[in-house]
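Each of the next two complexes has chain A plus one other chain: chain B in the first, chain C in the second.
Entry: the complex of A and B
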């Protein structure tokens, strides 16, 4: 644990203002994460737990105007760089009893600062691929143009001919069939799987230090999903890529990631090596256990053929409860810890090197 | 541009030519009939004001080489137009084509200039308001637009004249006949600005553009552009600017032409509007017919341009 992580996120908080509810939604509410060089970190959690917003915030891609992002995101390439540098000065947050009452933000200058912080990082050092590749590609340009643009923006290859050659090389690397034909296709002419391959080619064409993949297989057919996972696995091993993989598909996560962070209600509840976190019979956070029990696997399907879901409602991130955010749904809460569970939020207790759990059951004695 | 785009534009053009030809024929026929059925005799001047009986009239027509029936006359007119001959203005005795050309250029200057003014104001304000909706500057811009749009055109016009001439002393106040009037280019800008700002559609255009731009800005492919470190506008401009702007031009063309007629009155501007106005009062039939054709043509041109931009930009449209 002595090596410096490539990306370190500390106490990241992202609040959106909901006009409907006249309150702040705490989508990300104090996230700490580390991504080591060469590893793949998997982020899992129910829908709405803040997985996407965490990484989008780190990349300055949170656009909703009355949203605020605070915390520290350090990218340790050659020189450490704070990606959220100078943002705090551009926003005033008024809190009362831990709740945000008012946010005053100079949005134009905030946005300028974000662009300043991330110029040279976005796309070049950290690339992203998204869910819905067909929507994520520009419908007005050919796939080849979009990959070549990435080459020309971020590598030394400048001429159109060189960029084209390199784009074709990457189309070949993502094993798209007949790359030369696909180069001139617009996204509407491609299937979902081919579009995702093109997205991956575009992301890799910049030769980034790190790839963030946000639900890269969600929405694709099952067989296509498996092939994209194979492809990512292969590329990761061949290129020694550092990757953050967001997914609520435990199968995908377990295939690709070395370490896992489990998110709930805008916080990391548990981190550790993949095998340990996903081992249903080992120690672990009650939320993760419930999540695993609800994943679609043959042995989890009940006699009625329905999948067990986690009981209780997904956390309302406006009225975050005191104490452990999961306590209303927790099955392992017992009399020894109940008082603390309902009153004080636990920290991430380190139960073994590299293994942390945010639960009073694991508090050191 | 891609070769497929050019092909698509060519095919749009050929379709457009057919529909436009049909439209012009229809419009001219309707106007011809209206003029024919309206009280008054178009040939009164030709026949020297004499009141002729049916047979005498037929003989006079034959002698002058004018077909006797209305459809004969209409077809003769169409035949001449096809050869580029729009006839002679009954008021000025000049060839209609020559008279319309110079005033047409004036009106073209006015309409194109006013569109440039409209878009030059609307696009930056809409873009800024779409990207920074909560900012003070955006709100001030929008407020200003609403204010300007709410003013009646004539009032805005007189205010502009007052401000520019009396306060800034920039333009001569017009008097006398327009044929002898020397127009400074600065004076020419005033009606252009007026029509550009005061056609009442400015706020509507800003609202439409702002909605389109903010919709496109939240498209996933624009987020991808940002995530890959590319220029957001380079990816967004086709859908966020080109398409809506050409849509606006196509949709607003008839209104801009209509507005031009009013502005030409206010400013004594020797354009088509004035000519049309005069021709209607003088029953200058050849001029009325030619102006009708021209107006219909310009409106079609707007819609052709929009369709051409659409197929040029949209790969789906050009590959079908």
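Entry: the complex of A and C
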């Protein structure tokens, strides 16, 4: 692992506008992330925490206005490349009390700029697999054709025969049985697990530097889920791939990631090595601890047969509270820090090398 | 946990895939029927939770719907508190609908989007007491909200204005409004976030203690079922392959399928060593050309290990549920 990260996201903010509430939905609100070469970064969070939108923004796939409003995304392949180059020139921001209250953005021109920035990156350098493979695959083309198309677009192989051979190779790599038969199947002829494999094959066929997997196992049966996780684990080790794994399932994340970022209400609350973040007895953010304790596992059940639930609702990113985003649901808040928790949002305090926690309890003295 | 509240005996439900015009004229009409539920029997006791687990398509929801007569069945018998209700007409069954209720999987489809929360609950209360006066109804609506921990200011909202957790609570409140004895809960937390899921699970447990409810808890989430249920029934392709106390099913399964199912909990795999059977090269049972015998055989690691014994695929020798230990039955020729 070299010192420069393969992908660095700095101060990324992606807003949407709610016409009903006449307010911004602050889906991603100041996210900093780094993905090192060869590692798997797991992003965990509940629905609406901004985990998917963060990666979609980095890939320039957010088209709704206003979309990305601030941020810098650097992809350090051979030459460092700024994926959001030219953003600042197209956005005018009005801040009040440090918060963005109004955004004017030239969206059509920005969309064109994004396409220019990312033309050589999407697919070829960073590939993405999505939660719903049935929606992501083209229903009118056979699975094999779609993978072969990815091969021809993104690699040097250009002849139809070579692309076909390569597509068959990738179908075999993702352990689809009898690839020669499956090559001619349309997506509707495949089961959910099989479609997800085909999606992975298609993403890998471009031979990317980095793979973003957005909820790759959600909606699959437990037994199929386990096999997709096994497959990703195997591919990761064999191909030495850099991966960003987005999931709400702590089990999947813990199995595959080297490092974890926990998101809540559009912010990264905690980052660190997997074992440390998920160790219930180690130091950590109150949100992560509470989340771990509330998963239905036999060892989490209290003497009265109940689960230690997190009270309250998941943060809505329209009315973002002052102070820490989690303070209203926090069970470790105490009088010594309460005033600060309610008024000022904490930074990501570094408590050990590579271990950061956004919580006033961990503020340096 | 003494009296049985619900007995299901040899329940069968076939589905017929839609056929084209010409094939529907052919003679072999029933050749392609799919037995979604194929001879399911179980007993649910008072104040008990029976978990029903299995992969998608194994017939667990169909079983639940057949019990509530939301779906017809081909054969079988359903007894509620000792009375055979199989042949009840809709009119005969109507009074029982107050006793047997269902929590549906789809939050948005279960609540009428054009009714305010207060009206949804009021309607349910009127089902129980048609001539209740407005004051009583209002008081009961408040009581229901208290039960499910919801604030009163939500009453004038429409379902679309509520979060997933709140909608789920309203769904539960509406079910409770008729004071049921038996609740069929079909994936009650599948659409919810982890932190909200724990709240709903605690709520269901409290309500069971408070009102002595019985639950048929249908879910594909194994850890959740293990936690919620007193007993668990594992279904595979329309049949119960193993049934027993929740702890035993989870910790010492006897059927190879149960073992694979529990060992495939991703989180467990990361901590412990995978248990029996690799997940690779699984065959799939073909309903159109059944091999006969055990339906799990094509995927079964034990069948493969033992050199494909002929008894497993012998149509005349399908495995039946046999007692493995007290209160624990398993349908396998070679239980683990």
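As a convention for this text, the second predicted complex is superposed on the first by the 345 of 365 C-alpha atoms of A that agree within 3 Å, B and C clash if a C-alpha of one lies under 4 Å from a C-alpha of the other, contacts with A are read in each partner's own complex, and residues count from 1 in each chain.
To be clear about the criterion, a contact is a pair of C-beta atoms (placed from the backbone, for glycine too) under 8 Å apart; a residue touches a chain by one contact, two chains touch by 3 or more.
What you are looking at is a predicted structure, and each value in this text was computed from that prediction instead of being measured.
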item	value
Joint occupancy of chain A by chain B and chain C, clash or fit	fit
First (chain B), second (chain C), both or neither touched by A:250	second
C-alpha centroid angle, chain C to chain B via chain A, nearest 10°	80
Touched partner set for A:221, first chain B, second chain C, both or neither	second
Which superposed partner A:47 touches (first chain B, second chain C, both, neither)	second
Partner chain(s) touched by A:279 [first = chain B, second = chain C, both, neither]	neither
Chain B versus chain C as contact partner of A:94, first or second or both or neither	neither
First (chain B), second (chain C), both or neither touched by A:165	neither
Partner chain(s) touched by A:175 [first = chain B, second = chain C, both, neither]	second
First (chain B), second (chain C), both or neither touched by A:229	second
Partner chain(s) touched by A:294 [first = chain B, second = chain C, both, neither]	second
Chain B versus chain C - smallest C-alpha distance in the overlay, whole Å	9
Where chain A meets both chain C and chain B, residue numbers	none
Residues of chain A that touch chain C when the two form their complex	46-47, 175, 177, 217, 221-227, 229-230, 248-252, 254-255, 290-291, 294-298, 301, 305-311, 313-314, 316, 329
Chain A partner contacts - residues on chain C that touch it in the complex	55-56, 163, 165-166, 193-199, 201-202, 205, 220-224, 226-228, 250, 260-261, 264-270, 279-281
Chain A contact footprint on chain B (complex, rising order)	132-135, 137, 217-221, 223-230, 235, 238-239, 313-316, 319
Residues on chain A engaged by chain B in the complex (per definition of touch)	59, 61, 63, 65-66, 107-108, 111, 119-124, 127-128, 130, 132, 135-142, 149-150, 153-154, 186, 188-189, 199, 202-203, 206
